[in-house]
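Below is one structure, written out as structure tokens, with a few remarks after it.
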Amino acid sequence: MIIALLLILPLFASIFLFTGKTGQQSKNFAFLASLVLFAISLIGGYELIAAPEKALFFNMDLESILGVNLLFKIDAISIIFVILTTLLVPIIIASTDKKEHRTPHFYALIMLMQTALIGVFAASDMILFYIFWELALIPIFFITARWGGENARKISIKFLIYTVVGSFFMLIAILYLYTLTPAPHSFSFDSFYQLKLSYSEQIPLFLAFFLAFAIKIPLFPFHSWQVETYNASPVQGSMLLAGIMLKMGLYGIVRFLIPLCTDVVANGSLIFLPLILFGVIYGAVIAISQPHLKKLIAFASLSHVGIIALGLLSNSRYGIEGGILQMFSHGVNVVGFFLCYYMIVKRTKTDKISELGGIASVAPRFATVFMIIVLANVALPLTNSFVGEFLILLGLFSYNKILAIIAGLTIILVAVYMLKMYQQIMFGEKKASTENFIDLTFGEIMLFVPIIIAIFAVGIYPSFVLQLLQGVVK
Amino acid sequence: MYAIITISIVAIIVLFFGAFGKKKVILPIIFVGLPLAFIINLMGWNQSIHYFNEMYIDDNFAIAFNGVLIFITMLIFVFARVYYKSVKRPLEDIYALILFSLVGGLMMTAFGNLVMLFLGIETLSLSLYLLAGSKKSDPHSNEAAMKYFLTGSFASGFLLFGIALLYGACGSFNLEVIKQYVVQNQANIPAMFTIGLLLMAVGLAFKVGAAPFHFWIPDVYEGSPTLITTYMATVGKVAAFAAFFRLINASFSEVDFLWKTSLIVFAVATILIGNFAALYQDSVKRMLAYSGVAHAGYMLIAIIALKGNAAGVLLLYSVSYSIATITAFAVLMMVRKETGSFSIKSFNGLAKHNPTVAFAMTIAMLSLAGIPPMIGFSAKYQLFVSAIEQGQLPLVIIAIIGSMVSVYYYLRPVVAMYFTRSMVSEPFEAAKLYKKQILGMVILLLILSFIPGLIILLI
Amino acid sequence: MFQVYLFLFLSCVALFSAIMVLLSKKPIHSVLYLTLTFFALAGHYILLNAQFLAVVHVIVYAGAIMVLFLFTVMLLNLNKEGQFSKTTLVKIIAVVAGGLLFVVLIGSLKSFDLATVSNPAVSQIGLVKNLGKTLFSQYLLPFELSSILFLSAMVGAVMLGKKDKE
Amino acid sequence: METTVTQLQMIPLVYYIIFCTALFTIGVVGVLVKRNALAIFMSVELMLNSANLLLAAFSAYRNDSSGQVFVFFIMVVAAAEIAIGLALLVVVYRSSRTIDINILNRLKW
Amino acid sequence: MVMESSPFMQSISFLLLLFPLLGFLAIGLSQKQINKKLSGIIASSFVFLNLILTFILFWYVSTTNQTVETNLFDWIKFANISIPFAITVDRLSALMLLVVNGVGFLIHVYSIGYMKNDEGVSRFFSYMNLFIFFMLILVLSSNYLMLFIGWEGVGLCSYLLIGFWYKDHANNNAAKKAFIMNRIGDLGFLIGIFMMFHTFGTLNISEVATKASVMPSGSTALLIITLGLFAGAIGKSAQIPLFTWLPDAMAGPTPVSALIHAATMVTAGVYLVARSSVLFVLSPVTMNLILVIGIFTALISGLIAIYQNDIKKILAYSTVSQLGFMFMALGLGSFSGAMFHLTTHAFFKALLFLAAGSVIHALNQEQDIRKMGGLRKKIPFTFALFAIGAIAISGIPPFAGFFSKEMILSVAYEHGMGMGIIATFISLLTTVYMFRLLFVAFYKPESDAVKANHHIHESPKVMLIPMALLALLSMVAGFIQIPALFSTNVNAFSTYLSPIFFSAHQLVPASGQNLNVLTEWLTLLIPLTIIAALVYISYIRFAKDRLSAELSGIQKVMANKFYIDELYDFCFVKPTEKLSLFFRETVDQSVINRLINTIGNATLYIGGRIRLLQTGNVGFYLIIMVFSIIAILFFNLIR
């Protein structure tokens, strides 16, 4: 029931919004709808907390009509992502500024995106999963290309093709898996999980899945779409991308790579973990000298999600649980980060770090909020990222000490680039662009409130997430 | 069977009224006659009647494909009204030729004898040659018709030679008898049989537009009047595929080692050439032509898979491909009417003033590209599944690579429509004419997207 | 043995004239050589005791089709010295292609042999009566449907032929 | 015994096969070498005729009439085809004053 | 092993954390609403409440010899990992509580006066309270990860307070440098924690100690753990090679320097090592490393301090040097000695900083000692307090420094005569730079700047009283632990801490030989004599108005801090920036992006080529068809 609501509500809202008249009304409607969704997903979360081993099911055998089996299952892992989605989407919707005159289609596309994202996280049938996975691309493509900045058109095409190419690899893997299931073949996750794959079967499977996810996440060296797309898309699009959509790839790792390619993950990690690790360092190092705030966020994100991938593939429970927790945290943090970016760009019309400065002296509230978000990104203890990164590195350490130590370098690098960026933007003397910087209004602060609550809630009491996962991660 | 008769009669009535210059009644007659034929066609459902010594077999396969063909033709006529709006004369000849070729198509789906196959192919082809050249004043149309005719009759020669050799080996044209021969002589198939089979396959591969026999397609599709191109790309292709499938399925399924490799080569070449060549096209019409080639490659996979529900999958694919193609061509016709060009540039900024049209084009492109949740995706994935169940994973991988490539060119019109500055500042005049029809197509596409399973299980 | 000689003679005539169709520069010569080929083929039909086919062949090909060809040649005044011909390279390629095709076909077909052979000389199937029976019983449907083909050809020819006032 | 005698006097089937193949090949070569559309039509006719004769021969040697019926249909179709082809040729000639197929290259790439 | 402890004490220990947090939130969230003075009073009163609670707890643990364990909630708990949010008050942490809350309270009070005229005073006090909060977490945590929270938290506060005057980028750079250098150490700390968890399966401090005590001495796991922890300590306590941030940290307000960068936070490294004494004594390699690093740090920073001219910088290097001294003590195995010196150092170094602050306050933010002089008469009270601090830190009896240093020196001499002499030398360096500072700033004839400045005034009472209290402590605190030479009975300090280090001493029995009484007297008296001599020389050299000679050779190197900052800049900062540029411009743009684009363009190119197959020439199409047919037939026949 909850699943049905979670899927149908945004879909209908989206269809309704496509016929909307004014942007403001549509925004209000979309915001309300997404809040309702959030409430519903919280109910789902509550049910699961009561019994973490259980899962919410939705099964309707419509294969004869739809061609796919409507098989949904929300377990503890899924609910985290569903809640992440439903938590962030209202913020993203609310963040649009009145001055930007978004048409109703904009909100319709966001709601459609939400449908697809929830679908991805709730699907328990491979084809269904794939459908939602691809469906998610369409709205974000339009959002990016239509409301994006310069070159948005070209870049969004590159983005779309790049990711579609990646997901085609996944399609190959799915189809390959399908042939391996005992007759009558089936696409349901459960039938895949029951497979006992031999090592030689796992290798191509792993490669295909890994490629697909690596492009989506993105991992080095498949990240080149990311920076450009973040840079080109409107900030809401970037938030959707970085906050939620990238998690699809990581979610895929949790759902498929780890349970299905156990042996490859166990034996081959030393081949691909260094690659990911290099990407982690790479992103962080580039962020140090990145002159544009948005690109900096992109590279920081590249580095952060790389760490998550490291944790997930580290063959240890700590790594996996920490990775999942960190996915949630990263979603929250990066959206917060983008919001800060948005606040700056909205007021100063520039995101060049060197043109900014001295904001802290005119906007103390903003400085505080931004500082909290920066610290969350730096993974300071008691913020949400710390627990996740700690567990990830712990997991990685128990797998391979050298890798963990190198990965640990990021906690230094992240401090370097984050503080450098914060210092240059917020501190120092005021500049022309920041002369008339207005501090956050009440409405804008309200945008940050849920994010800050999430940052501290997860940082101080992560156990509710971790214990939720306990029954599922094995 | 009775559908053929109905359609023939309708065609003759059309000719009759046209001869007396009664322009206004022609299309209404067709719009009565084709649904009638559709219903009559459906009445034979689940009965599998064999007519005239198994010349014509009205099994579910035939009925389903005939239904699709008739339905597509109806859609074509829907757009014909708008396409030929400016033409004064009754056009009974063109309409009649379309109907005649439809008869040929129906024969191709339901043949039980190679004679019927041959006659069906020729009826369809001859009408299409003529239709391709029906815009006499246009050198492109002439050229298209000529090229089509030259290559087509050449291919017919091979087809016939193949039939002759096959006959020499088996001594019959009846599919059932050939099958028996095959079953009995599975161990020592004479070379003549093989050659005959392969030459027939070549002939049919030409008709479906599979590489390396696809060369006529881009030129002919581009040169023909757009409405006719639409018809060729849909009815012509679907009928040819139905015929191909029926031929292979009815007689040669036991000796798949003879033809499978060749077909796989065809399919691979078709997918790659079609998709890659489409990348560079500036003319949307030609791009769609290459897309047609590429889709022929995918549909060949259904024939290669053959077993299981391949027929249903082929049906689904045909439906998805045809409806999306018609939608795309319909939009193209409109754009061409307004801008006088097929170039991708003429799509620039279409979405601003013609959102419905742009949306329709987008849906069609996404469907053709096989992006979920459009029907094009369901069709592709069902196709891949059935191929993979027959152990054709490498082929499927190639097909998927082709799909990756295709995303690019299918997106170009979308991008042009939505994200490029428009040259015109007001809604297209023609859009008013088209709006209802195009909206209908969109709704059809969307509805179909939710019932792919139903279509597959038809057969 | 006489039959064999006759066969060989007719074959030689047919092949020679067929080649001459290609070699002739003037279309009119080609058409005439083609006619010769058709007559030789008619002889083959008679040799096979396919009387009906032989007659139809002569009527359709030598009669109708040849007339059409000739008519076109005259109508369009095409009977000039062939001023356009393909390059030698293309010709060589074409001949090589033909040769290869021939070799491949012959190589695979020559070993063919029927299990039971009936003598065409004594076979009665080619007679009008027998063929008629088959045609109007077993092949009635295609026979009828071929009328549609003709009709469409007619309509089309008219369509292409008449002047439009568009 | 008698069958043996008649068989000896018969023309071997393979003769027909070889002859028809040769004729077919000539037709194919003709299509390839000619630029004149009319000549190409003729070459196609040669191909069709070779198929015809082959069918007729098989039909006769198998003592099965269906092959010859098929030939009949082929002739029918060939006639219609040629009619259409020539009509097209006339149209093309009208518009471009030539029947050289090499000028048919407006549509390409 | 959760001991039953009284609920009353548990709730008190919980309140310890709650009060400063409340203070932080109350001040931080209402910055605009409350006036400046009020915020200082609120902040100070919260710390004062804490101080009272600390006394209660201290009394409790020192009398009952029990630890107060309070489990607040489960922080990270799943599978076999269980890290509660739990606080432990034992004798060691109670001592630290005293230091933190005591000194902290005094500095808070002092700050009310010092920061009176600053714009962001509310912000300042909220940060200060936050610092106390994190420092208490650090001190009270019952497991290493929670300790790490406090560890990073104080680092954050340090960052925020160093960069308190954020309009000047120099301050921000200093703050950033402090944070990043701490982070480098923290990475080591984290690795130590990982290894600890890996080895013992728990992070609980007492459980780790118990489990470790049965391990063989010198095992690799222990080595890695202790190295990691020590790396953390190096970062936090500004030891070589991560010491350069501390002098820069003087960019923050002076009370911050006093509280964070002298008395409390920087000593956290010492506290950590002392806390983990069991682990460290089982890892002799690390112990030796600590010893070496401690000695070198103490030496080098002591030398640098002599040539500095910024009053706060001198004190900062002095701090580094004293910290090195403490580490040396730790390396020698004298945990209680280190802790003792930590305590006394907290008193007199805070005093020194506050007094320096008072000077700076008086001179309108002038920090260069060359521009001072003659202050003895202008601000006599401050001078007196400063002198007490200088005497205390120099180890002149009977002030506190003497006792704590003596405790360490005796251990050093027990360890060997050479070690003793080195230690003595280090302690003598203190005298040199402190008295140089004292004489230059207070005795030397008035500089022009001072002469021109008519507003030089004594600080208000709110600043002087805390300083006076600290001075009192600096004078008397030493008497709780008198060298064995004088009396073997007065050793309250080591007795107090002995339960903490009991197991550590158990594992490694003291190896040093006992010196005879004569030697002990000599080692005591000779340094004192030298100190006296040094004070006199300094007086001659610095108190008179002699133009200081040009620095030359080695002196210049020392004055420029051995060029260590430049070295780091050259070795790490510049290469990282270069690498960043290289990655950004070359790898990302020219290689990866180009590669991806090339793939795309290649596809398009192939498309363009394949398209050319379609020549438009029918003859060509037909030829291709025929060849294809031939190929198909051929391959099917030869198969």
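Going in written order, the chains are labelled A, B, C, D and E, and every chain counts its residues from 1.
As a convention for this text, contacts are C-beta pairs under 8 Å (C-beta built on N, C-alpha and C of every residue); 3 or more make two chains touch, one makes a residue touch a chain.
Computed from a predicted model, the values in this text were never measured in an experiment.
Taking each chain's centre as the mean of its C-alpha atoms, the one that lies farthest from the centre of subunit C is E. Across the assembly, the chain pair joined by the most C-beta contact pairs is C-D. Put simply, the chain farthest from subunit B by mean CA position is E.
Comparing per-chain C-alpha centres with the mean over every protein C-alpha atom, the closest match is chain A. Taking the mean of the C-alpha atoms as each chain's centre, subunit C and subunit D sit 5 Å apart.
We define each chain's centre as the mean of its Cα atoms; on that basis subunit A and subunit B are separated by 43 Å. Separation between the centroids of subunit A and subunit C, computed from CA atoms only, is 71 Å. If you average the CA atoms of subunit B and of subunit C, the two centres end up 31 Å from each other. Touching of two or more other chains is recorded for residues 86, 90, 93-94, 97-98, 101, 105, 108-109, 112, 138-139, 142, 146, 149, 153, 156-157, 160 of subunit C.
For subunit A, residues touching at least two other chains, in rising order: 161. Among the residues of subunit D, those touching two or more other chains are numbered 17, 24, 27-28, 31-32, 35, 41, 59, 62, 64, 66, 69, 73, 77, 80-81, 84, 88-89, 91, 101-102, 104, 106-109. Going by the touch rule set out above, the chain pairs that meet are A-B, A-E, B-C, B-D, B-E, C-D, C-E, D-E. Contact residues of subunit B toward subunit C in the complex are 4, 8, 12, 15, 51-53, 55-56, 87-89, 93-94, 96-97, 100-101, 103-104, 107, 113, 115-116, 119, 122-123, 126-127, 129-130, 133-134, 136-137, 165, 168-169, 190-192, 194-195.
Listing the residues of subunit D that touch subunit C in their complex gives 6-7, 9-11, 13-15, 17-19, 21-30, 32-36, 38-39, 41-43, 45-46, 49, 52-53, 56-57, 59-66, 68-69, 71-73, 75-84, 86-91, 93, 98-100, 102.
Against subunit E, the residues of subunit C that register as touching in their complex are 86, 90, 93-94, 97-98, 100-101, 104-105, 107-108.
Interface of subunit A with subunit B (complex): residues 62-68, 127, 130-135, 137-138, 142, 145-146, 152-153, 156-157, 160-161, 164-165, 168, 171-172, 175-176, 178-179, 185.
Within the complex, the subunit B residues that touch subunit A are 366, 371-373, 377-378, 381-382, 384-385, 388-389, 391, 393, 396-397, 400-401, 403-404, 407-408, 411, 415, 418-420, 450-454, 456-457.
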